[in-house]
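Alright, structures below, take your time with them.
Here come two complexes built around chain A, the first alongside chain B, the second alongside chain C.
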Partner chain A sequence: MNTAMNAYQDHFVEHAMQLPGFDSVSVRVSRQEAMQRFMQSGFPTQRLENWKHTSVTALWKRAYKPSEPGCMGLDPDDITPYLADRRGVYRLVFVNGLFSRPLSDLHDLPVGVRVASMAQLVNDSPCEVEPYLGNHTPGNDQGFSDLNHALWGDGAFVHLPSGTRLEKPLHLLYLSTISREPMVAMPRNVVVAGTDAHAQIVESYASLGQARHFTNAHTTLVLGEKARVRHLLLLQESLVAHHVGTMRATQMGDSCLDSQLFSMGGELTRQELHVTLAGERAECSLDGLFIAGGGQHMDFHTSMHHTSPDTWSRQLYKGVLDGNARGVFNGVVRVPPGIHHTRSNQTSANLLLSDTAEIDTKPQLEINTDAVQCSHGATVGSLDPEALFYLQSRGLNVTSARLLLIKGFAEEVLQRVKPTLLQAWVGQSLNLGVKQS
Partner chain B sequence: MNILEVRNLHVSVMNKPILRGLELHLKPGEVHAIMGPNGSGKSTLANVLAGRGDYQVTAGEILYQGQELLSMAPEDRARAGLFLAFQNPVEIPGVSNVRLLKEAFNAHQRYRRLPEMDAMAFRAYLNERTKSLELSEDWLLRPVNAGFSGGEKKRNELLQMMVLEPHLAILDEIDSGLDIDALAKVAAGINALRDTKRSMLLITHYPRLLEQVPPDKVHVLIGGQIVLCGGLDLAGQLEERGYGWLF
Partner chain C sequence: MNDSTVVASAISRSYKHGFVTSILSDTIPEGIDEGVIRLISSKKREPEFMLAWRLAAYRHWLGMIEPHWSSVRYPPIDYQGISYYSSPFADNQDSIALEDVDPALLATYEKLGIPLDERLSLAGVAVDAVFDSVSVATTHQKKLAQLGILFCSMSEALREHGALVQRHLGSVVPSGDNFFAALNAAVFSDGTFCYIPPGVRCPMELSTYFRINAARTGQFERTLIIADQNSYVSYLEGCTAPQRDRHQLHAAVVELIAMEGAEIKYSTVQNWYPGDAEGRGGIYNFVTKRGECRGDRSRISWTQVETGSAITWKYPSVILRGEGASGRFHSVALTNHHQQADTGTKMIHIGRHTSSTILSKGISAGQGHNAYRGLVKVLAGAQGARNHTQCDSLLLGAHCSAHTYPCIEVKNHSAKVEHEATTSRISEEQLFYCQQRGLASEAAVSLIVNGFCQDVLRELPMEFSVEARKLLEVNLEGSVG
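Let's turn to the complex of A and B:
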């Protein structure tokens, strides 16, 4: 592991001047601190409670090289399959982690709304982004976040001033291409919704062909008072890709975050979602669906911190596992002492399609107060043989019957995606996912 | 040729004999009723005809349209025109009625080497049938049987039958859980499908349904065998006297 860590450190030292934000003291210091922490904690090992089901040895053994500019020869047609819509959506496209202006489209952005490449902005106008580029709660299991904070190469910066509305969804597309040497992309995204601002953000990660690459993404969401944000996260990278992603959201009073995660790709995928309900009456709804087959390993960790009274959260995570796939769901809901009148619900439901697929699911409550309403539960099951026979008796062969039941299982999460344009788009990518597994 | 020939059928469930030498012959266009006390094996017969697993056929044979039925997969039986309206239809959350009907209908079309119906035409085809059954507007979008009352489930089975237009329909207690009005609608639906070629097997406890859908024959199934055969009057007798006198 040391060799892999040293390679990142060497890169950090050699390329320090090329990393975005070099001229900003605070950004430089923050990168240095993050690098130091990474060198201390290293890649997480299975001895850490939060990583006990997931080994990242295969990840660091594959000597990924940070991507460099100059490897983007894509034209708009190449990205069509990855787009929800050409016209009805704003988009910011990143290829191998770096912003591509020709592939992006920000026509008719409402006045005042800032959508930009993080790398450009931190060089051109650092004071706009500096407040959001500090390091987040360090932990000895946060090696990947530290690595991202040390080495991020680009990302999206979205700022919605008070009262602004993004009527069309904003699609942040991260595409990785096939390269001679396996590449790592480390996007760092920041979305800030001011007081009473509304936005729909789509964050999707995909590969061109069977690219062997690694994405280590970090996304910060800040919701001001009364802000409403819909967030759709789509992980559909190649079956030989590695993906580690962290989303951290902080919500002020009366804000509302509605986030859906769909994961179909990757050989190894780990996604963390951490939400802090920091203002009274903040509401958060998290849904997830993962479809894993073959030898895929998918691991989802959520933590929901009710640090203010009268806050509300719900979570529904569903897994479909086939072949030798391995799934992990771990969700923690935390209510500290003295925080009253919170409500939370957390459900994990899993469908095993083969005898060799496995799921470890653990919804947890850490509640230190009485005045709460919390419920949680987890189920693991296989396809209902009665339902299969019923469909066969209507003329469907076993394959179609199974597919229909799997889609039926997924439907509940899919239904939560709004608007219909995005729901239909996700539905299409899901079908592929189901067939593939 | 008979559409259905059941000869000396013996079936066990978990090594317990349920059907013991059952005989049944059905001609095209005929409607037969099977009556019998609870646990006599009526649903077992229906399930074996539809091809459900976990039943062991220990002796006998079944011919459907002259073909050996027991070697056919359940979906092939369905595509060949055999339809079972289940006594307890399963709930399938997340799968809408329209989705199921479309897939089922198209599977039948492909089997008959007919083109799939386009979306508009299929919608019209469905609407005609939901209207005649007086089903609510959102019926087709609701998940299959999920949260349906007993009576709604039965009407949903009937809708599927009207869409798939089978050659042999086996209706397992389609009348249970229906009030008088709903029963009249269901009976009208069944009668509308009655013609000189389509055969039906009505499994029921009550003569009420049979009064509205008069069968050509009534069989009484007790202890896994047909013990008595007769006309519609037999159904009335059974209602008056119960099954005790037949043991």
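Let's turn to the complex of A and C:
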């Protein structure tokens, strides 16, 4: 592990001047602090409760090299399969973690809306982004966040001033290409929605072919009062890729965040979602669907902090596991003392399709006050033999009957994706996932 | 009992078992080392293998670190500041006829409502009374012996049935299982041993009543229950301690073994001194309880009502090894004032078609802290395993807390595992309904709390069920309104 950590540190020391934001003192200091913390805590081990079920040994054993510019030779047709729509969507494309202008399309953005490459912005006008680049990574299990904060190379910066509406979804696409040596990309994204701003953000991670790469992403969402953001996260990287991602959202009063996550790709995937409901009447729903087969390992951690009264949250995470796949869901809802009228619900439902698949689920509640209504539920089971028999008696063969039942199971999460354009697109990529597993 | 008297008695009563019996006792000096362990072993005139087992556990314990992963918080325990053995008998006298026992001691048990005189005691219950480190008396032994049932103190069992004890002791909770279990294995002083022969249905409830009396001592007892093929036993455990300002440690181990077709029902009404309203004093109840369904179709059920102790930290578990074995866990944990509880269960499904049910009810009042922590693990070979878990928390007051940490690990696709949990306070509608029917608010709360726990309380044997209801009311005193 030390060799891998030292390699990152050496890179940090050697390339400090090339990293975006070198001229800004606060960015430089924050990178240094993050690097120090990373060198102290290191990669998380299974001794940490939050990493009990996930070993990242395979990740640090594969010597990833930070990506360098110059390896992009893609034209717009190459990325078509990864897009929901060529025209009906704004898009910002990153290849191997670095912004690609020719592949991006930001025509007719509403006036005042800022969508840019983080690396360019932090070099050109650092004061715009500095307030959002602080380090908020408490705990010794956040080694990957620290690594990202120290070494991030680019990312998306989205700023929606008060009252603005994005009529079309904004697609942030992160593509990784095949390279001689396995590469790591560390995008750092910031989305700020001002008072009463509305937006739909799609964040998707994909690989070209069977690329062996590692993505360590960090996304910060800030929702001002009455802001409404829909966030769709798609993880469909290659089956030999490693993905670690963290999303941190802070919501002010009356804001509303709808997050959907679909995970199909990756050999090892770990995604964390931390939401703080910091204003009264803030609402948040987190939905997820993960489909894993073969030897895939997928781990999802959510935490919901109700730090203001009258807040509402809901979580629905569903897993479909086949082959030797292993799934992990760990969700926690926290209500501190004195925070009244919290309503919260959390559900984890899992389908095991093979004898060797495994699921570890742990929905948790930490309630420190009395005026609350919180509940959670978890189920693990396999396909209902009676339902299978019924479908077969109606003339379906076993394979289609199974597929139909699995689709039915997944449908509940899919239904929550809006608008229909995106729903149909996600549905298509899911079909593929089901067939593979 | 009608509800107005319930409230009246709830308000007027406090911890009624908090008195101290002044009695001459043989207490060894505080501290722990190999000498102390040899002394305990020699005082009990144990067979040779026990001393070796204890010393091995002690050496293992020395290398262990006290665990701190739970949600309970307490100042460091000084393990050298505890006396590990205290007996109300004179030196080297480990058992005596009931007539010769100090009358003050007998009076203590009568005051606690557990007369040791067989003529006065409840007809259907046999009691093993443990006072500090030793067993004082065991009732109805002769009657049980006619059926071949062995029911005696652990010391007696070690002397009389050494081979049987040696075969099973530590087979469910190994001596190095965890920090407190290792400490217990090294210094345990007494406890209850029970063996039910094949095909025998134990005609009466067996029970142990634990009493801590001496100050600055810890109580470390060990219970071993073996139900041989197709037998049945229902076992009760009760406990109380005097009111003292210092915390006292109680680190017990309970092992249950159910052979083919056997059933063990283990019920606990835990009422150790919980400390005062400011959180001074009280017992640290750090207990390891585990049962193993070793044979096919065997059954083990844990029922617990936890109302006492400053800190309760235990997870009565079942290892479901035999085919078709079933495990159950029913729990009510109440924390008031500054009490803390981190409790739950582990159900380990190893055999095919094993099933388990978990029903946990937590009530937090005042500044009480209540956590449910559970593990349901289905191993790859547990074809058709089935689990249902329900854990509900009731919050009374803005300063209390309820945490739920259920862990589900499934490696077999034919398993069906369900978990549900809720956390809420008593709704205003419920209260209003009761009040408009003429109940005072205290009576209404008491009624609702009782209803909340109903499903667990009905699992208890009748005598204990009445006791448990009273305890819930007493312990909620001062937290309502």
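Convention: the second predicted complex is superposed on the first by the 436 of 437 C-alpha atoms of A that agree within 3 Å, B and C clash if a C-alpha of one lies under 4 Å from a C-alpha of the other, contacts with A are read in each partner's own complex, and residues count from 1 in each chain.
Definition applied: a residue touches a chain if its C-beta (ideal position, glycine included) is under 8 Å from a C-beta of that chain, and two chains touch if they have at least 3 such contacts.
Source: prediction; values computed, not measured.
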item: Touched partner set for A:382, first chain B, second chain C, both or neither; value: second
item: Partner chain(s) touched by A:352 [first = chain B, second = chain C, both, neither]; value: second
item: Chain B versus chain C, judged by how many residues of chain A each one touches; value: C
item: Shared chain A surface residues [contacts with chain B and with chain C]; value: none
item: Chain C-facing residues of chain A, complex; value: 49, 337-338, 340, 350, 352-382
item: Residues of chain B defined as touching chain A within the complex; value: 50-53, 73-75, 77-79, 83-84, 86, 89-90, 92-95, 99-100, 103-104, 107-108, 111, 143, 160, 164
item: Interface residues, chain C side, partner chain A - complex; value: 69, 378, 380, 393, 395-425
item: Chain A to chain B touching residues, read off their complex; value: 384-387, 389-398, 400-401, 404-405, 407-412
